[in-house]
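Paired with subunit B in one complex and with subunit C in the other, subunit A is shared by the two complexes that follow.
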Partner chain A sequence: MGNERFLNFAIKYGFLILLAGLVIFFSLSTNGFGSARSAVFILQSVAITGILALGVTCTLVVDGFDLSIGSVATSSLMLSAYAMVVLELSAGSAILLCLLMGAFVGLVNGLLIVKFKVPDLLATLGMMFLLIGLQRIPTQGNSVATGMALPDGSTAEGTFSPAFLWLGRHRMDFFLENLLPVPVVIFLLIAVGIWLFLGFTRQGRLMYAIGSNERAAELVGTPVNRYKIMAYMISGVMASIGGILLAARLGRGDIASGTNLLLDSVAAALIGFAVLGAARPNAFGTAVGALFVGILLQGLTMMNAPYYTQDFVKGAVLVIALVFTFYLSSRRSAGGK
Partner chain B sequence: MLRRNLLKLAGAATLTFGALPAMAQNAPAPFDNPGDVKIALVRYLSTGDFFQSYLSGVEQQAAALGVDLRVLDSRQDAALQADMVDQAIALGVDGIIIQHGLTESMKAAAQRAVDAGIKVVAFDVDVENDAIPQIEQSDYMLAKLALDQAIADHGDDFTAGYVYVPGIAPLDRRDVAWKEVKAANPGITEAAQFGTLDNPIANAVANQARSVLQANPTINVMIAPFDEFAKGVKIAVDEAGLSQDIDIYSADVSTADIAAMREPDSAWVATVATNPAVVGEVSVRALALMLAGEDPGHNVVVPPTLITQDFLNENDVKNMGELGSKMPQFQHADVATADWIALPAR
Partner chain C sequence: MNEIACKIRGLEKSFGQNHVLRGIDLDLAPGQVTVLMGANGAGKSTLVKVLCGYHRKDAGTLELGGHPYDPTDAADAISNGVVTVHQSIDDGVIPDLDVATNLTLDRLTAPGARLFVRDRQLRQAARKVAEGMGLTMDVRTRVGDLDVADRQMIAIARAMARAPRILVLDEPTSSLSAAEAERLFQLIDRLRAQGVAVLYISHRMSDIRRVADKIVCMRDGAISGIFADAPLDYEGAVSAMLGHAMTDVDIAPQAGTAPILEIEAMRLTADGPKLDFTARDGEVVAVTGLLGSGKTRLAEIIFGLADAPEGTMRIDGKPYAPRHAREAVARGVFMTPKDRRSNAVIPDFDINDNMTLPFLGAFSRLSFLSRRRQRQASDDMIGRIGVVCQGGTDSILTLSGGNQQKVIIGRWLIEPCRVLLLDEPFQGVDIGARRDIGHHIRETARGRATVVFVSEIDEALEIADRIVVLHEGAVAGEHVSGNIDLGLVVAQVSGQATGTAPGQPGTGVGTEGQQHG
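Let's turn to the complex of A and B:
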């Protein structure tokens, strides 16, 4: 019996204990890891992937998957830069444009999956390639920056407005002066928002119902299609927010495929399955998963570990998390009941 | 010098007024009838500002010569790139520029082209063939000039953070210069080495650099021999509030980089760059020389230029175009030229 209790305990708290252990280990073995400022820049390093991961979580909840988030984020990065630098729009309209773009991409993804019956992985894979190409067409493959040459021979005169850069660079006073960067605040707000939405609202619970048994959910009268489309739209909007914050931090529209953003955020969401033994997508787990990867990577960087060990470690964490989720949980349900 | 400028002006004028490319009267065959000359650019890498700019250089020089340019882009598919060389042979081109690629996959293909009587030049890929000139931007010199500037500013006694990802050919060649400088100056210590090519690179490097700065408060110089690295380091330095205390030295330049270097109190004090468009122009000119039966030499090296923050501020340079006009050695390399080759309009 003691064995089973230990197993349950391990499944439930194992990951959080591991996280605490890591923090203690890095604090002891490096200079300056254990400080408020380190905590903040670790949060900053995971804020953007974390926001994307929260979007993916919503599609995972309805048993879907969104491969296009990385490219939605980089498209939104390019779009915001293009809107301000080339079209000389205000920060507000640039942001609005990006959010609309994210929602629209989500809508198209959803319609492809629901109405045209394209499997989710394939539909969003197609969308990913489409966006990677599309974001380069307006600038003919160049990055967007003030002063860039335009196809008609003139130069772009617009600039990133200070209000926009504020989103990525401003730091709020919180205990210490200039401590909390805005992206971290936005990440935390979104995490709490998605957590409340998925766990405590009728809509969120219906989405879980769709994910565990679509047919049953349909038979009790859930508008399954509408909820699925909504999940992809949330995912698209989250990804576009991620892209906006990225643009505000970089201060230019760099072309990028966003593949790493996609992989990192999917990893965070999957690691999240293991947190508290949930064995299903959940917002709290996703946020912790993102944080876990962030702590590991920043800690390793401070210890001067080369970049390839970081990919290895990321992979190892993911595999361990998946074992937690699938193997231990299956033992629990087999033995416990 | 004056004569060349006049020539350039004349060329520019003809182009600006929409006339046909400025053609010298005494061009040797086959350039007495340039419209019949067909050349192909076979690319391995194409995504990004550098490659975009390289392509524009190739296009402009080809247009100035009046030759027919075909661009074959394998998008990082090594096997496809080799097939594309065969495709170009089948198209009956007179000359081929191989831009990047892998020695293993391109060596045989390049030899097939030479056997077919086609003139070939290679940029940044060693195809191990004596008949094929190598166009190079000297990555070693790029890093060396940046490091010399760091030593000029800080003496031979400073603590550096170094951004590097091994296994990437140009970065490896730049790394050689850093290793030499470290060995020659015991006062220079490398407190930390980091780096990643995770996309978007600047963002990923910024996250790493933030940790490195926290762990190593003694760092006062950052060596980031690739502009995406430098951009990331600058973000981290700004976020840590250290822009007054740290100087960043890098390589490569773009319009966005110029803006970042010129921000108030920017820590990014110098970069060294070769203009990729100029490398593209040189590639076409070297090929043209070969087609006309002249010898451009086996190694055609395009020299890099040091660009400091002070220079940019003093001359109020805002983009690549202005950098070219304020810094003539950046706009044009006096490499692989001939009287009969018209230079592109500026």
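Let's turn to the complex of A and C:
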């Protein structure tokens, strides 16, 4: 009996306790980890990944999966740069263009899955390849920056507008001067928004119903297809926001950026399953999952762990989280009868 | 029969507390087709699964040709000559390979098989098997491209390649057309002539009439009747299968007032007969019939899940032709589907969320759900319909089948509706919960038309003001609660009294039932 209660406790709070333990450990053993600036640095490092992860969480909720988020983000990065530098559009139009692109890709993903019955992994994998290729075509495989040579021999005269760069580089005052970077604020706002949407609205509840038993959801009159398409559109828009923020931080359309985005954000969303013993995709868990990875990497870096151990650490965290979620939960449901 | 191919004595099997087989005694004779009949949950499938080695028996003895038999797994059963063709055809064939490979697959896995496949030889061997079975297709055809009947034949041919002594066919015609089924029956005739003992599981009367030498009925895990003397007493078999140990039914029949749901000249299938049906305000109508009678199809058509090839529907006099469930719900037609677990329960949700799922809009403001209002409605319904649970936040999976069903039915009673459809609402529901549900449905029946689709006559008697019997897509009879001639109901269910409508003199095959009616 005591054993079972311990198991329940471990499933529910194990991951958060581990997180708190890590924070305390790093604060004690390194210099400067436990400061506000360090916390903000961590948040900044996970903001873009986190936004993508929140998007993919929505597709996981309807029992789908979106592999195209990484390439949507990099496409949005290239598109915003191209729009401002080559087409010389304003910041506002560039952002709007990117958001529309994300929504459109999501719509196509959704239609492929819902109407053409392509399995979600395959549809979004195909979309991923398509976008990786597509984003290189207008610039002939080059990065986009002011002064770059264009195919017709002229040079690109446009620049990243300051308003756009503000998105990636400005820091807001929050207790301390110049503390919070804009991407962190956007990440937190989106996290709260998705959390409210999935957890507390009618639409969110129906999406969970679809993910748990699609047939039953359909038989109570839920427009299942519409909700699934919506989930992929949310995912696409989130990924394009991530790409915009990345472009604003870099200040150029760097063809080689964002290669890790897909795996990192999927990992964050999957780690999120383990938080509070939810055993299902949830926005709070996803945000904590992203933070967890950020804290661990930042702590290890400050303890002088070499950079090439990072992926290994992320992988290990992911595996442990998945054991938490699936093995322990299955033991609980087996023992709880 | 002087010889017995398979002898079963005192066979028992339980799953947890669920005693599924309670001492089965059964003999299968070579060259004879034994039909096993039973309603859902009677234990037919479990019996088959014990025979084919999928489950181990708990008690009792099995003998094959006089030798004890206790298969440890499917391969063991096959090597003992017990071959099973399962209900789902694609379990028996590999759709991506061609006919020849499918027919000779065992040679590929046999010990000593060569590394390289010799296609020409395989094809020759396969052709021989195919000819023996009367199959004419090219053996190089991909099995996935064949029609259902041919695939079924291939599955059986594969089974026959092992020279079985006992062939078990589990509802083999459930996905076959009449012509396709006839080919299967010819094959069964041939096997019978070869001296194979066939155990044929079905509750389709037309099949049974065609193939049966002997009928064994199961009910609640026990044999409830054996009919071996020609001519077979089909009516007796159906009553033994459905059983009507009359429970104390206490119904004050309601005639119903204005018609709500009207169906006119509807064909359930393209070549089926026409059917008329009306359900009135305040009455509970039970639609009953065997598998394949069109019961489920009718429910699906009314709820917008299937299209009727012909015919019109009206609700409150206005035309009604839903294209999907959402439109049906919008018009006030609600349905609790059969197979609760796959069609209705949201396993990840608690009772409150499962209960309020169809009407989340009513519990939210600006899309944001009010947990409090959801809980109030759910608690209220839990109390009214009598769900036994600790509270609305229990996971739905912690409930027993009967209580889960109460939640699933309760979810549609939260809002008023015009037509309430209940498809097999008592599937996997214990007798106590069944009473509660029936009572509650009757109590709330005013203001809507309620149509209950059940295959057990008992259940129909318990809940309905009026019973409509379907047989092969046509209304075979109609009975008003209070003075029901059970013999006639059974006759109509089994198709012995086709062509009679209430009040009309019997025009079809004369049966005893009709004289009473």
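Methods note: the second predicted complex is superposed on the first by the 333 of 337 C-alpha atoms of A that agree within 3 Å, B and C clash if a C-alpha of one lies under 4 Å from a C-alpha of the other, contacts with A are read in each partner's own complex, and residues count from 1 in each chain.
Operating definition for what follows: a contact is a pair of C-beta atoms (placed from the backbone, for glycine too) under 8 Å apart; a residue touches a chain by one contact, two chains touch by 3 or more.
Since we're looking at a predicted model, the values are computed, not measured.
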Inset, instruction - Based on the superposed arrangement around subunit A, label subunit B with subunit C as either clash or fit. - result: fit
Inset, instruction - Would you check which partner chain A:188 touches, where first means subunit B only, second means subunit C only, and both and neither mean what they say? - result: neither
Inset, instruction - Have a look at where A:7 lands relative to subunit B and subunit C in the superposition and call it first, second, both or neither. - result: neither
Inset, instruction - State whether A:111 touches subunit B only (first), subunit C only (second), both chains, or neither. - result: neither
Inset, instruction - Check the residue A:276 against both partner chains and state whether it touches subunit B (first), subunit C (second), both, or neither. - result: neither
Inset, instruction - Quick one: classify A:251 as touching subunit B (first), subunit C (second), both or neither. - result: first
Inset, instruction - Please indicate which partner A:130 is in contact with in the superposed arrangement: first for subunit B, second for subunit C, both, or neither. - result: neither
Inset, instruction - Would you mind checking which one, subunit B or subunit C, touches more residues on subunit A? - result: B
Inset, instruction - May I ask you to decide whether A:148 touches subunit B, subunit C, both, or neither, giving the answer as first, second, both or neither? - result: first
Inset, instruction - Classify the contacts of A:304 with the two partner chains as first (subunit B alone), second (subunit C alone), both, or neither. - result: first
Legend entry - Included angle at subunit A between vectors to subunit C and subunit B, based on C-alpha centres and rounded to the nearest 10 degrees: 130
Inset, instruction - Would you sort A:221 into first (subunit B), second (subunit C), both or neither based on which partner it touches? - result: second
Legend entry - Nearest Cα pair across subunit B and subunit C, whole Å: 29
Legend entry - Contact footprint of subunit C on subunit A as seen in their complex: 196, 200-203, 205-206, 208-209, 211-213, 215-223, 280
Legend entry - subunit A to subunit B touching residues, read off their complex: 30-33, 35, 37-38, 41, 44-45, 48, 74, 77, 140-143, 145-149, 155, 169, 178, 181, 246, 249-252, 254-261, 297-299, 301-304, 306-307, 310
Inset, instruction - Could you please specify the touching residues of subunit B with respect to subunit A in the complex? - result: 46-49, 52, 165, 192-204, 206-208, 210-212, 214-217, 228, 231, 235, 238-239, 241, 254-256, 258-260, 318-322
Legend entry - subunit A contact footprint on subunit C (complex, rising order): 303, 305, 324-326, 328-330, 335, 337, 342-349, 353, 357-358, 360-361, 363-364, 367-369, 411
